[in-house]
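Should a chain be cited, it is by its letter among A, B, C, D and E, assigned in written order, with residues numbered from 1 in that chain.
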Amino acid sequence: MTNTWLSLRTNHPAGRSGLARALGGAVLASLIVLVISAAVSGLPGMAQVVLVFGINAVLVVGYQTFAGNTGIVSFGHVGFMGLGAYAGGIAAVPVADKELYFPDMPAFLASWDAGGVLPLLIGGLVAAVAALVTGPALMRLSGAAASIATLGLLVVINNVLSQATPITRGPQSFFGVPENTTFAMVFLSLCATVLLSAAYKWSREGRNARAVRDQPAAAAAAGVSIVRSRTVAFVISAFVTGIAGALYAQLLTAFSPGSFYLGQMVLIVAMAIVGGVNSVTGALVGAAVITVLNEVMRRLEGGVSVAGLTIDLPAGVAAAVLGAALIVTLKWRPEGFLGHRELILAGPVGRGPDIAAARPGQTEEESDAVPVVPAKP
Amino acid sequence: MTAPLLSLDGITAGYRTTPVIRDFRLSLAEGESLALLGANGAGKTTLMKVMVGLLRPWSGRVLLRGSDITEVAAEERPLLGVALAPEGRGIFGTLSIEENLLMGALAVRRKEGRRASRALVAEGLEQVYETFPVLGKRRDDKGCHLSGGQQQMLAIGRALMARPALLLLDEPCLGLAPKVAGELYEALGRLSTAERGVVVVEESSRRALGFADRACVVKLGRKVLDCPAAEAGDDEAIMSAYFGVETEVRS
Amino acid sequence: GASEKSGAGSAKAGAGALECRDGRILVGVAKAESGFASFFDIAGRRGLEVAVDEINDSGGVKGCRLELQARDTKSDPAVGAQVAKALVDAGAQILVVADDFDTGVAAAKVGQSAGVLTLSLAASSTVFGKAVGDLFFSGGITTTELGRAQARYALDQDWKSTFQVIDTGLAYFTEQDEQFRALYEPTGGKIGKVEKVDSLGGQADFSAVISSIKAAKPDVVQALAVYPAVGTFVKQLRAAGVDTPVVGNITLQTKELPGLVGKSAADRIYYAAQIYFEGTGTDPAIDKFVQAYQAKFGQFPEQANAPGAYQTFMAINQALQQDKVVDARTAADTIRGQTALPVPGGTLSQWKDGYAIWDPAVIGLEAGAWSVKKTYQAKNLLGE
Amino acid sequence: MSPAASEATIASKAGQTGPALPEGSPPLEVRGLVKRFAGVTALAGVDLRAGRREILGLVGPNGSGKTTLMNCISGVHRLDEGQVLLQGEEISGRPSRARARQGICRTFQNLKLFGELTVWENVQVGANAVGGRGARPVPDWLDLLRLGPVADAVVRSLPYGYQRRVELARALAGAPEVLLLDEPAAGLNDEETAELRELVLTVRAEVGCAIVIIDHDMDLVTGVSDRVQVLDEGRTLFEGDPRAAFTEQAVVDAYLGES
Amino acid sequence: MTGVLQSVLDALSVGSMYALLALGLTLVFSVMNLINFAYGLLLVWTAYGVVLLGGAGLSFWLVVPLTILLATALSLLMGFVAFRPFIGAPQTTLLITSFGVLLVTQYVAVVIFGEAPRVLQVPEGFNKVLQAGDLRMPVLQLLTIGAAALTVLAFYLLLNRTPYGAQLRAAAELPDVARLMGIRPNRVLMIAFAISGVIAGIVGVLWFAKVGAVTPRSDLEPTLKAFIALVLGGLGRPAGAIYGGLLLGAIEVTMSAVLPGSAIRYTSALVFALVIAMLLARPQGVAGGKAVEV
């Protein structure tokens, strides 16, 4: 298998060139997504779906950056998404419209507006700050306790968004955001976030976080700060999630705090789990699979005729299918489609490790380098 | 001629697609004790799992006193008299020490009924506390609070609580102080009676060979030596069986 | 304002045209089939279906059948916008959105900017039209009439102090509150205390609010929250031994209310509404509607948006039938011109800023039986 | 490995790289350490010293407090009384990660590896803690422990013997001043144990740190230790020359048993 | 004085409802480490049972045992079909699985019963209020307190007077080793789901008798309350569930007495902030007392 130039494996070879190949793999993965999306986007009625997919992908890559590297299932990330959406949305609403829709908005927010990537950065930053403030406390917890604490964070964020009436219109619908989200904006953000997430994963900080995930006591005994390493992951991933929220705001133009609550959370977790929560590549795959599934279900709910047979499923079937997909995935592929594997460029010397005297019972699961055929365009 | 206590009849077993144990045959007479030796990863633990039913063999049969128990579920085998002190000890950390031991006695309870078993269980507890006094002293402490060696004692004690006809011990000396290890084998010597067969898995052989009637060496999932323990005491044969490249099966 | 920049100019060619395509005019329905809003959105959709059946049975719109295509917005404004886009892309010539400003506004803007005639058949907000644009009409009785009718009725009964229980999560309630105050307070009423509740979030325990009501001893309790939480509130209020009259709005208008509150406790409950349909002595046209509804859906109209949507769409239909109406713009102009229009079970006074003005009725549930307590003229209420 | 060869090694170690004379403070010093768990006094006032280049064998019956002592030194447990000093500096109150950065590195009785990381990454995590202080680059450690060929393998998939070495490499990469090994030979066969013995000696020669080793394999302990300390019920029962220890009647009674 | 007494009574009744909720959850948690997001749906199904059977004209006193039976059967079904295959899986896997189960079972409820709220017919007596001086004692409150006390007692006897309690924990911790002892993990699990279902049935009737109407989405509120109670009391200990439930009841009643009316919307945020603080102060309470293992 020395002639493959691309492989799916759980790690990259040691050293600088290995790191370069891993990052190259991430770039390639985002390029593949970009090309396929561009092609699909041209099909009739698909433009919107592709944009939704792109935003979902940013979202899941952001989520994965935390959940994958720290092993903590977070329910709080929908809250970060909401913060990003509101912050980005407020930045993007034109000054004239602010006067109309937000008469009580304080002047320092009402007197300006922003276009282009600025609302995205603002959305990401607000979310990142929220993570930075709460992280040092929340990240002391592990396992289910951490999950429930992040659920608490979500409830708190939701509550705050519902109460900050002058700038969010409270629990009522926030609207008036111009529809600025374009293909280029979504997919450039996606490429950037994939690269950011991969760079983090393979960096020293990311490695420390993964070490804490696998064996917290041993990591501490090796000098790693558990809280700090998790907090770094929390902040980076909140930043990316916030960007996704801001993109979302400018695609849909209207939303309410309820849009960033348990329903959306299930969607994110499902995408991450199905693709493989431990893998950046998996995040892309998961976002694609669930977006397609959702879209198909949405169409079926609306009633579709196939060969003279009208399929008309009762409303809500998308959620049920999502639930079933989750259970089935967890049963047959507990680690998602990709597990810990990433797309990694392999050079001529990049063969798998040589376990000379490997045990007799070396299983297939355990061999970690699965060569794949180079992706077809 | 009575049927042997345990016999493995051409067992092949493994995980997913990789075979670990290949065409393994073994038989253990009533009251006999056997030392099962082999290097790291040879498949000893896997073999134990097959015997207790945690791993279903791909082919072959497990017979207990002549009856085929291959399809009997793991949770039913203690009632037939099979008990294992597993590798890694398997202590219930959230249960107290006494509760751990009572779990071991569950098979007796299920078999004899609640009332009839009461005396047997009390007697069993007494015996275990006598063999390992530290367990008696700490009986209400949680399992996870014990030191490594203490946990090992608890695992063995728990297996004894089932009053097994076939006692299986997977590396019982791991982490035990030399004195305790010595005492353990002495105790095993007493426990191995006409009604009870014992199989001990060990990597280092000295003590096990001193105790067992027979020795059996596993290499890469196959049996490469099966002889009386006294003969195997001849170090050279064992060593060659362990590490040698071409050793024939002697039997 | 923002609402002006859209309109037919940016529309796709022909998107708003109301011609017959393949023998039908496609009506896209972007309403909640699931989630908290589905209770009234589904009722509204069903009311619309009855209207469409009736129109089609009598020859359609100028000989062309109306065809409905409905998709679920899941009670979420963002999903609503997506669904509206999909419907417009699928060729919807008329877009019907949710019966509520908050859940429907994003979807309505999609319709407006695509140049399609866009309707919310039973929404009550007065800002809906301003926020969306000139191709949009919201057809429910507005929060102005609802709020003022409650105030007027309270004053007529000499209920001088009001304890208000409100869910601020919907503009529907906050606007009613404003209008209620505008009439009630200057005319001698006093709103003693306000308690906020979270009916949208499914609040199930109101003991704190009720304790505070017991302490305040008001003449009347105003309950502005969504069903079923508003019913749960009244149930718990009565169970706590408080028999103060309760006044509210359409969210209390359902035949299920006595069952929920408890038969013996279903007393002294009053609400302002657009149509009276749940008791005896209703308008014959509404009786006919109820029968059609029961035949089609196997149940009594579960909520007021069913007859409300029916009524409004029958009004819109009268505009669509005119020869001069060929696209969204001509339809909008014609609709705007409607005044004192007789429709089944009532009269549409006029349109203003894209919303309909109806004369409100106050309906009372006393000792388990309904009756119309009072009907007010919209223009009189406003004048006050 | 033949017994003769190991004899030779022991002899040579004493000559070349034996314990340095105490000059200033020793790398590790523990004074009057007391640790109680609910109802159990695991350590009842233990003193311990390990000098530079010294290998100290820590033995004792099960439950005598060896692991607890190691946990107190590395910061897993908070101690109830007493002091832990690293090169004369008191570190008793510091968290585990701070002690690691100051040079207290350890392995665990039950392996605790970062299962999904590669061998190289595992060792790199250990090296990072000390930043520039690391005596050598990571590949050197891999070579020393003959892990070079499997550097890119995920440790979860490696055989047990390899995993033990990875743990050692990870500890070494942290540039230890004090290296704590808890039952490193458990689960190893005789051959691997002999290898381990060589390895420990090599580490001492190359790194020059103080080493504390717990094990129940007396051949190993006598083979590598310069000195042994025997614990019993949370107290020091004996301290001194390994050979002397195993003839001491108290030690035989409490720990070794007649055999 | 009566005011304080009244508050205590209110807190006790709300709290015992929460305690029951948490008890049903904690049982399954202690058997298989499952934090079951789908638990609230059992309550919802119970309520639909009351709606349908009551609607069919059965006497309420027949309806109640039948719906409790229904909840038990559903709980068993849920456990058997969805969760049994995951025995021994990591906590987070189970958590997410329960989400999947929630989505599916909720959908089934939507398809069968529709989204519209359905009204429960409860006997008029439930809505009565007994008066003792100034003290107001709604019948439903008294019933709730009584039912909770009985359930807790039965539960206590089960866990402490039968060997079942230890078996339960053993099977949860190391299912394979438990099998070696002769414990039948499937059976233990199913018994746990059955008991959890019985409790869900009881609390479902009480909860929805109070609320009066049910929709397929009415599960969120009870589920969140149960989680909070569970965490406050410490996961995995039945006693913790009871303390946690009562504590939450007390907190809520106190908050509504002390907080100004306009702050009612912050209650959920405040309660959750409290939960987080609790977790930070005593994370070990949550982990079920596992010590550092080295």
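Simple rule for what comes next: contacts are C-beta pairs under 8 Å (C-beta built on N, C-alpha and C of every residue); 3 or more make two chains touch, one makes a residue touch a chain.
In UniProt terms, the chains line up like this: A = Amino acid/amide ABC transporter membrane protein 2 (HAAT family); B = Branched-chain amino acid transport system ATP-binding protein; D = Amino acid/amide ABC transporter ATP-binding protein 1 (HAAT family); E = Amino acid/amide ABC transporter membrane protein 1 (HAAT family).
As the structure is a prediction and not an experimental result, all values here were calculated from the model.
**Student:** Per the definition at the top, count C-beta pairs in contact and tell me whether A-C or A-D has more.
**Tutor:** Between A-D and A-C, contacts are more numerous in A-D.
**Student:** If you take the mean of the Cα atoms for each chain, which one ends up farthest from subunit E?
**Tutor:** D
**Student:** At what distance in angstrom does the C-alpha mean of subunit E lie from that of subunit B?
**Tutor:** 43
**Student:** How far is the middle of subunit B from the middle of subunit C, if each middle is the mean of its Cα atoms, in Å?
**Tutor:** Here the centre of subunit C sits 76 Å away from the centre of subunit B.
**Student:** What parts of subunit C, by residue number, touch at least two of the other chains?
**Tutor:** Subunit C, residues with two or more chain partners: 33-34, 38.
**Student:** Going through subunit B residue by residue, note those that touch at least 2 other chains and give them in order.
**Tutor:** 41, 145 - these are the residues of subunit B that touch more than one other chain.
**Student:** Listing for subunit E: what residues touch at least two other chains?
**Tutor:** Expected reply: 110, 115, 220, 265, 292-294.
**Student:** Enumerate the contact residues on subunit A facing subunit E in the complex.
**Tutor:** Going by the criterion above, the answer is residues 71-73, 137-138, 140-145, 147-149, 151-153, 155-156, 159-160, 162-163, 217, 262, 266, 269-270, 273, 314-317, 319-320, 322-327, 330-331, 334.
**Student:** Taking the complex as given, what residues does subunit E use to touch subunit B?
**Tutor:** 163, 166-167, 169-170, 173-174, 176-185, 288-291, 293
**Student:** Quick one: which bits of subunit B touch subunit E in the complex? Just the residue numbers, please.
**Tutor:** 52-54, 73-76, 78-79, 83-84, 86, 90, 92-95, 99, 102-104, 106-107, 109-110, 142, 144-145, 158, 162
**Student:** Considering only the defined contacts, which subunit A positions touch subunit C in the complex?
**Tutor:** 45, 48, 52, 94, 96-97, 100-101, 162, 165, 170-173, 175-176, 248, 252-256, 258-259, 263, 298, 301-303, 315-316
**Student:** Could you pull out which subunit C residues touch subunit E in their complex?
**Tutor:** That would be residues 33-36, 38-39, 42, 193-198, 201-205, 207-209, 211-212, 227-228, 231-232, 235-236, 238-241, 256, 259-265, 302-303 of subunit C.
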